[in-house]
Amino acid sequence: MNNIAHTDSNNIGKTLHLWVKDLFPICRSITGPGVRETLKYIHNILPELKIHSVPSGTQAFDWTVPDEWTIHDAFIADEAGEKIVDFQEHNLHVVGCSEPVDKWLTLDELNSHLYSLPDQPNAIPYVTSYYEKRWGFCLTHNQRKTLKSGNYHAVVNSDLKPGVLNYGELVLPGKTDQEVFLSTYICHPSMANNELSGPVVTIALAQWLATLDNRRYTYRIVFIPETIGSIVYLSKHLDHLKKHIIAGFNITCIGDDRIYSYLPSRDGNTLSDIAALHVLKHIDPEFKRYTWLDRGSDERQYCAPGVDLPIATIMRSKYGKYPEYHTSLDDLSLVTSSGLEGGYTALRKAIEIIERNVFPKTTVLGEPQLGKRGLYPKLSTKTSGEQIRAMMNLISYCDGNKSLLEVADLINEPFMELVPLVEKLVDNGLLSVKTSEGEN
Amino acid sequence: MNNIAHTDSNNIGKTLHLWVKDLFPICRSITGPGVRETLKYIHNILPELKIHSVPSGTQAFDWTVPDEWTIHDAFIADEAGEKIVDFQEHNLHVVGCSEPVDKWLTLDELNSHLYSLPDQPNAIPYVTSYYEKRWGFCLTHNQRKTLKSGNYHAVVNSDLKPGVLNYGELVLPGKTDQEVFLSTYICHPSMANNELSGPVVTIALAQWLATLDNRRYTYRIVFIPETIGSIVYLSKHLDHLKKHIIAGFNITCIGDDRIYSYLPSRDGNTLSDIAALHVLKHIDPEFKRYTWLDRGSDERQYCAPGVDLPIATIMRSKYGKYPEYHTSLDDLSLVTSSGLEGGYTALRKAIEIIERNVFPKTTVLGEPQLGKRGLYPKLSTKTSGEQIRAMMNLISYCDGNKSLLEVADLINEPFMELVPLVEKLVDNGLLSVKTSEGEN
Amino acid sequence: MNNIAHTDSNNIGKTLHLWVKDLFPICRSITGPGVRETLKYIHNILPELKIHSVPSGTQAFDWTVPDEWTIHDAFIADEAGEKIVDFQEHNLHVVGCSEPVDKWLTLDELNSHLYSLPDQPNAIPYVTSYYEKRWGFCLTHNQRKTLKSGNYHAVVNSDLKPGVLNYGELVLPGKTDQEVFLSTYICHPSMANNELSGPVVTIALAQWLATLDNRRYTYRIVFIPETIGSIVYLSKHLDHLKKHIIAGFNITCIGDDRIYSYLPSRDGNTLSDIAALHVLKHIDPEFKRYTWLDRGSDERQYCAPGVDLPIATIMRSKYGKYPEYHTSLDDLSLVTSSGLEGGYTALRKAIEIIERNVFPKTTVLGEPQLGKRGLYPKLSTKTSGEQIRAMMNLISYCDGNKSLLEVADLINEPFMELVPLVEKLVDNGLLSVKTSEGEN
């Protein structure tokens, strides 16, 4: 059963978690039926999503779209014919993109095809081999230690043959052709924080953005396989993207309930970076700030030399930095409703800031006389000055050259709390605003 | 009796304190006879001061010059006719700009017109209502607690009617038409640090500046009511001020004996800011450094967007940051001779730096041979190198692009200690200097 | 016996120390036979060295080449004719450039010509008087305390008369006429860290540079007397040097075994500074970082206003900052083989960085597919991402605008470890490189 109900901000976290639960069992890879099934699920929620197919063998920058992988079944059986490692029980049991095999091996021979984690003996590791032909199985180290000498029957029933690479794309037009870019990836099997949190939060952001009247920016939202997907997408649209994208986020690892994290664009000082830092600082000043050297997802492509898109990353626990990462322990209990909702909220705030950022300018010289407009306490006492300080601080920086986001950082107030102040001051004729595009 | 004796640097602090004492009893407001009496006192010391009048109702930017307020008498009497709160005893007893009243009230009715400070039960608070008609009385909280139920006779004998706003202006011409601007305010009744310290220190600075031969800059010095006064002054002279002012200070809260404080211009990096920081760093490295967000006086107008004058502030204990602020406790004991003298000296040093700042340039390539000019110890020993280090550090930065003030900060020496070194090196033909105006 | 064997990197420290030992006994000053003997020794090792002579009286910027000083003998004898202080025993016993004297004095009279260090009673201080005629003797404070009343015979048998100032110059041409400048000084008598370490390390660097095929830069290496030598050299070559020098080092105090030190150019951010900081950071993060205000050697001339050459300094224990400085304790035991080798290595690394610095640029958009080139582990596991992180970090910054040195600092890897990576990536067609000169 699909949980396609429109997101409701009252229970957004719960809806996001149900979506993760729906998508969890699908065995995704960078190509193949698991990706298509996932995109179909998303399409049911976002009917405007376009699903694209790119043939195997297509050149994309330095890369070639690989053959498509289909996994039908895989298991290791013992001499008695009992399946002791079974893909049907957990997608992670088979190495991603394993070539077909059907043979008997001794334990010694089998061992070179087995992967386990001695330090996390209860975890099945996640291992892939996209660009070299091999096969293998992953299992818990505890199970591995029980394997006895003897012969084992290893079967991988898979196809690896020319097909297509699929991705989903949704463009929500705005008043201008300047674009905000959201990218997430749909190639990870049966792991929750990395990576079903990204797709479901992105679905919810797309739903919310679709409801906005008068979007200033056009929103370009893609659901792609990591690395090869972003490279394919960039290779098809690079000129357009470089010309139009003014901000964007790579959405990943956004669903657990621990820390908030930030990873910069390569430039480090784009609008996306400034908005992300602003949001996280006001959500939790203790958020973890990574550097470009800690990167590891599609910002590697979006911010590569010569590509240089302004893409930053807001996360909860970052890939590679939490113990359950890339194992079967990254599951439906690690990702929580509140974790997903927190991540969704942080990203939504960052997008709202970008969408609503303006360059405000005072219309009067000197401070305005707020009293005659009912904007100022009329009785001057020892403390009344403090009460309107935020408004006066705001006005004091509205010189037409600083964006509201810059002013918010200068006066250390949350951007969204300044928005109604700006509106009130515009209504009272004390501020004029223009967008960065110089529309007004 | 006026203490008009010319300031003598040997007892400048004492003179300043006598002036504060003279001016303390006058009941100033933003308009009215108290301002005129204060300006007349200043005019007696600075005969060149011009006193200007601007009619009520005059528009100034977003503001209108208010009606003039004259207070004749005010008291609260009990049923026995005894005056229990009496304006004649302390100017702060009546709310500033109170409208006339003459009626009997119950204690409950009276209470909504009374102001006291529970946390400072011995202090009469300073309360004003410039832009809304109301009346009220201020009293110590200790006295307020003694008030018994009953009827009280509240009388405010005041006028609030069209008149003028007054301010004083003194222009001391220099060799160039570039100007240094000094502004202080004369609208606070019967408080000493905030604000009689500013006017008396400004008087002394004007006296000192008048004695300077060959002033490089023109000095524009104004004694105005706070806020409405600076707005009126800016609205009349904005183009001239923007074109000519190269530095300046708002002079306030400069008379107590505690900390030194600095509040930046909005820009934060003007010549005034750099000079102020240099001076305070060398007077007391522990000086308090405020930010633009802590502003609260006429820099709000002088540095407003579109005005953008380079006005910084050097203070002792900053308004709003000392317990006696805006109460009757800010009195003649809080402000001291040494406190005033320290504040005067700091501001004078900052002005001297601005006046004497030059761009020095070496006339020889490589280090000069100081020995043959008698500028260098002739015997090289282990320690002799240290003795002339300041001079050599100075020379090492004299590339014609850095001002002497920048060099002083680079080599961490007080500006004024470098001035005689520069003169000696110029006399020896080793440095040439030009002013920022490119005169030379 | 001269230790002229070509430096062998296996025992470079030992060779350097032998050279120091050879040169130690020579009584150098800023002019005279000691300088010539020293230059002759260097010429034996570096046959291409040109030895120049500049006549006394020659003008150089603000300076005049002084008369040449020759010391034949000097002693203080007691009444019994016994030499109690004898130049033949230690060069430091006579004040540098002492004028001739031959007279009997009382102890009181003699005392005004004696120099000793009460705080270092076993050290003979180093004292000179280059530009004022005087004579004097230096001795340990312990010896001085033993001097009894009586008459003493003071004899200085020296000449101070017109002659020449000598210096050595070696130019190693490179592919371009852009130059790297190395300067050291040969005017200090019988002290080891300051200053025989500088000349011997510079000799070894010159030997190494001479062996390099295809030097990109031309290397200009000078052995000069400090101060007057650099001033003379600058005055003769300033236009050429300003036009061609792109980096360089003043080489001094580079032989003891304690700390590493850095002293910046006046600019502070030249290629020389960045290379020096990079090298020292990776040798020992605890290296001592001085400022321009701590300068004291020929950078005073090379970086003077109007000269402005990009000359930085890498040292071991800096002049003036170690207890043995400018005394007889700065001897052959203070300077060690390992100390000299460490200093040599640090300077050589800095020069190698300058020589090999390039501006690399990726040839592909997005990340390259390293796997198909055998540059990437083919199996993706939890940890394999870390293994190639340095290479990917490097590539991620190769935008053609950042030098390899800048990239090395950005990704916090030693420059020289990146060089083979760049070569491998160039070989694989993934990077192109150009030099700052835009050759390619």
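First chain written, first letter: the chains are A, B and C, and each begins at residue 1.
To be clear about the criterion, a contact is a pair of C-beta atoms (placed from the backbone, for glycine too) under 8 Å apart; a residue touches a chain by one contact, two chains touch by 3 or more.
All values derive from a computational prediction rather than experimental measurement.
*Asks:* Should the pattern of chain-chain touching be classed as line, ring, star, complete or other?
*Replies:* complete
*Asks:* Counting shared numbers against all numbers at the contact of chain A and chain B, is it over half, same, or under half, different?
*Replies:* Here the answer is different, because the shared fraction of interface numbers falls below one half.
*Asks:* Determine how many degrees of rotation, between 0 and 180 and to the nearest 5, align the Cα atoms of chain B with the equivalent atoms in chain C.
*Replies:* Rotation angle, to the nearest 5: 120 degrees.
*Asks:* At what distance in angstrom does the C-alpha mean of chain B lie from that of chain A?
*Replies:* Using C-alpha averages as centres, the distance is 55 Å.
*Asks:* Return the residues of chain A touching two or more other chains; collapse runs of consecutive numbers into ranges.
*Replies:* Not one residue in chain A touches at least two other chains.
*Asks:* Given the complex with chain B, which residues does chain A contribute to the contact?
*Replies:* 361-362, 364-369, 371-372, 378-382, 385, 389, 392-393, 396-400, 411-412, 430
*Asks:* For a test of understanding, state which residues of chain A touch chain C in their complex under the given definition.
*Replies:* Contact set of chain A toward chain C: 60-64, 115, 117, 125-132, 134, 227, 230-231, 234-235, 238, 266, 292-293, 295-296, 300-301, 303-308, 320, 325-327.
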